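Labels run A, B and C following the written order; every chain starts at residue 1.
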Amino acid sequence: MAATILAADGWETVIGLEVHVQLKTRSKMFCGCSTAFGDPPNTNVCPVCLGLPGALPVPNAEALRLATRAALALGCTIHETSVFARKNYFYPDLPKGYQISQFDKPLATDGDVWFESPERGRVDVVIQRLHVEEDAGKSLHERVPGKTAVDLNRAGVPLAEIVSGPDMRSPAEARAYLTMMRQILVYTGVSDCSMELGSLRVDANLSIRRPGEPLGTKTEVKNMNSFANVERALEAERARQVALLESGGRVQQVTLLFDAATGEVRPQRSKEESHDYRYFPDPDLPPLVLDRKWIEARRAELPELPDAKRERFQTVLGLPAYDARVLAGERAVADYFEAVVAAGAEPKAAANWTMGEAMTGYNESGAFAVAPARLAELVALVKDGVVSGQAAKRVYGELAGGGAGSTESPRAAAERLGLVQVRDEGALAGWVDEVIAAHPGEVARYRGGETKLIGFFVGQVMKKSQGKADPKGVQPVLTAKLRG
Amino acid sequence: MATGHATDHATVAREVGARFEAAAGLNAALHWSQANLDVEAARLARGDGAGPLGGMPVAVKDNIVTTDAPTTCASRILEGYVSPYDATAVVRLRAAGAMIAGKANLDEFAMGSSTENSAYGRVLHPLDPARVPGGSSGGSAALVAAGVVPAALGSETGGSVRQPASFCGIVGLKPSYGRVSRYGLVAFGSSLDCISVFGRTVDDAARVLAAMSGVDALDSTTVDRPPLTVPAPRGDLRGVRIGLPREYFPADLDPGVRAGLDRTIAAATQLGAEFVEVSLPHSPYAVPTYYIINPAEAAANLARYDGVRYGQRRIGPDGDVRALYQATRGEGFGPEVRRRILVGTYVLSGGYYDAYYDKAQRVRALIVEDFRRAFGSVDLLLTPTTPTTAFRAGEKTEDPVSMYLADVFVAPASLAGLPAMSIPVGRSEGLPVGAQVIAPMMEDERMLAAAAALETIVDAAGEVR
Amino acid sequence: MSIGRDEVLHVARLAELAVADAELDRLVGQLNSIVDYVAQLDRVPLDAEVTPFQPGPAAVRLREDEVRPAPMVRGPEAVAPEFVDGFFVVPKRGGGLVEG
């Protein structure tokens, strides 16, 4: 990979990303309340997540399993002993006036991942740390006029915070990193990673410098609700810093919020002193101790990750890089493709069908309409010349549709539609004879050496047979008869 | 408790109510009602929780949450707050057949050593109204000492049950940290807090403690051990080696306290115990260590009192959310609580963590190691509980640090999480003197057995010199 | 070791505690005397291997992931100072763009 990206304006951009993902558990991080999204406000609450006097936290085993799995998938070192710490600050949706998080002894550190940069190929990124913590509730500023409304359903939901090194060199790279991160976390079943639903949130740090200079002052950008908006926000912040520095100003270490409506970033107005979180180990929670066996059991739970799958699709199944990338992009798609191969279809054909018709339907409806075994049968029909490629698409449509085709076998559907190709030599010979008889001039030219005309003749036979002739069978019959 | 005839719980409830009325002048109870007592009696009569406590009336310090009465922590900020859940300790006591009898006054949020820091007025010492009963569990101590109830729950962070027990001439019992669930105890110093018990006798206190003890899935700091059992009485102390830490017997120890300890040592020797001098060299650092750790943890634990979800709310003139926090907390918390929050915030802030909180937790480890080493050669330790008898109200309120020094003999066992208790061993000029027994971690039963033996021959009401 | 008025006010802001002007000087004096008292821990020599003490279990117990809320006999509205349409309600933060 190129070491960096130098933009046309001569400034190098340095970006680090902090991602918070909601871990897919049924109950909260430190209490037994439900994590269900969308319930009426303040109905999934209890003394613990309300921060009532006397309540105490008890950690969720599944949250730790998922976080460990995520950390392993990101190549991190899992620390057998880690410590929960209190992060102290005041906010209306932070019930205890502190968040239980992890500070100087987190669950995992020193991971590494890579993503494909749009600008410089493969980029390696350090994952500095992954730790677990509880989420705060939601503050709504427009719900009650003139006031802030607080819903604590989300307070206490388990989060993993994943911090990258300052390894991205452009807003587009930030987006590519996030895409890769989401892919891995969804693959491993750790989180749904939906920015729309809030199960993935991003804070970005950005600074700029002239090449060779030390790192510039970084700012923090928040409030982006999609990967596209992360890229837009970082473009805006980069431009702001460039303009500032080029006019002789200095970058202040501030937090800015992205305004999706205008595409601008603005400093967070409530300009308090930078937070002093006064971290200390939470005395309500003994240390988290995970033995080697437990950690290895989490490793065994890891599915084959996207990289490895892509690699295997190329080297073992012989697929081209593009196909491998598309198919490995989503676990459900990869699993479907492999099931079609397992049912007997040849990999390239299975790949084409999966990336084509099957994924079109999947992207619309979230499901694969045709069971892998049936698709494999259809693929075999094409391979054997029973139906043409074109006809097979119509057959697929029948299989995927809700009607008679949804239960019949591919062959039966093809027959019902009259799409079965004719390969009977007698029938083919008959059509070939008719075509030869009808085009004596072309026959003569062919016999005279214009062997390219074979394509013309095949086309004519197809027309004569109204598409039913198997073109693979036609060719040898034609060739033989043309030779005379 | 007598067996073989049914307790008339309704009558007990009436009698307890009458005693609360009669003792109203002590200001020891913050909430009690005949109606609640009658409800308890009816519950017991129905047989719900017909357990080993047999209907024993037990008062509860008002920093332990109950659903049928307010929990104010003696603070304005929680005035009128009624918890939507009961503390595990209270649930277990009811299941064991206790009659929960009212909520007792305390130093605000358990911060204090005299109960003069209550927002609802100080508690009077039952023997001398000009004096304090000790704190922070002064209300619970006074109720037991005045005979209103035979037992009461208090809480300890740095001696808040042993010290009032010593001042009031009753038994005060702190278990090993982690033996009684803190779920429902309003947190003050989380690594120190222990629900503890006052009783007229060792046996009463032990039975109440046993009923509450045991691991709780709702408290991650409870230890996974079977509940405490009340030890069988032992007639003597033969074979028991008791250490006397020299740091607890300074030359200038109050003569009355010294005399009380001397009588106790003589009594124990009579029972066959062997005494050995030991040393706990880091003892002088216990109080400063305690007064870094407890405010730091308290500052974080009290951040939840922000006027958002419960409690008394005030909004300052700026009218925004910070004006809500600052006015609610500034006006709702009393001066000692505010001081501790500020000290605690300070020692955790900026670059001070290493120098203060982290250092204090390491010095704490040295104090723990002192005890471990001493227990290598003895089974128990015996010390005075307090450096003086009960002091006068107002005597120590001007200078916070002078109040802190009252904890000098009780703070170390709190820091180490060890089981420790005070038993009354006599009077000095009419005021009770207490002696403290400390046992190794988890050896609560050993401590209780020895204390019960001593109780049989030490004249708790007798003048010591 | 001396804590000035400004530092006390800073700490009070961190702790969101209003401090009346009238009590500030007294408070500064009291805090200084407390901090001076506890600062004697400076003098305690410490070997590198002495680790902070934490009582209780050596390792935290983990709870299985079941939806089983801790019981409450009444809902949050019963204790809330202000509760509208199911929400806790507080004054807004002072001015400016706020995060959603």
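Quick notes on this one:
Heads up, the rule we're going with is that a residue touches a chain if its C-beta (ideal position, glycine included) is under 8 Å from a C-beta of that chain, and two chains touch if they have at least 3 such contacts.
Keep in mind it's a predicted model, so treat the numbers as computed, not measured.
More inter-chain C-beta contacts link the pair B-C than the other of A-C and B-C. Here the chain at the heart of the shown protein, by mean C-alpha position, is C. Averaged C-alpha coordinates give centres for chain A and chain B that are 57 Å from one another. The geometric centre of chain A is 40 Å away from that of chain C, both derived from CA atoms.
Remark: chain B and chain C have CA centroids separated by 23 Å (rounded to whole angstrom).
Each of the following residues of chain B touches two or more other chains: 81, 84-85, 191, 217-218, 220-221, 299, 303, 306, 308-310, 321-322, 325, 345, 349. Across the assembly, chain A contributes residues 47, 50, 52, 55, 58-59, 90, 92, 148, 150, 152, 276, 278, 283, 285-286 that each touch 2 or more other chains. Taken residue by residue, chain C touches two or more other chains at 14, 16, 52, 54, 56-57, 60-61, 63, 70-72, 75-76, 79, 88, 90-94, whereas all remaining positions touch fewer.
Interface of chain B with chain C (complex): residues 67, 81-82, 84-85, 177-178, 191, 217-218, 220-224, 282, 285, 288-289, 291-292, 299, 303, 306-313, 315-316, 318-327, 329-331, 333, 338-339, 341-343, 345-347, 349, 355-356, 358-366, 368, 399-401, 404, 415-417. Contact residues on chain A toward chain C in their complex (touch as defined above): 25-27, 31-34, 40-48, 50, 52, 55, 58-64, 84, 90, 92, 139-141, 143-144, 146-152, 222-223, 257, 259, 266, 268-270, 273, 276, 278, 281, 283, 285-289. The part of chain C that touches chain A in the complex is made up of residues 10, 13-14, 16, 52, 54, 56-72, 75-77, 79, 84-100. Against chain B, the residues of chain C that register as touching in their complex are 3, 7-8, 11-12, 14-20, 27, 30-31, 33-35, 37-42, 44, 46, 50-57, 60-61, 63, 70-76, 78-82, 88, 90-94.
Chain A makes touch with chain B in their complex at residues 47, 50-59, 86, 88, 90, 92, 95-98, 148, 150, 152, 276, 278-280, 282-286.
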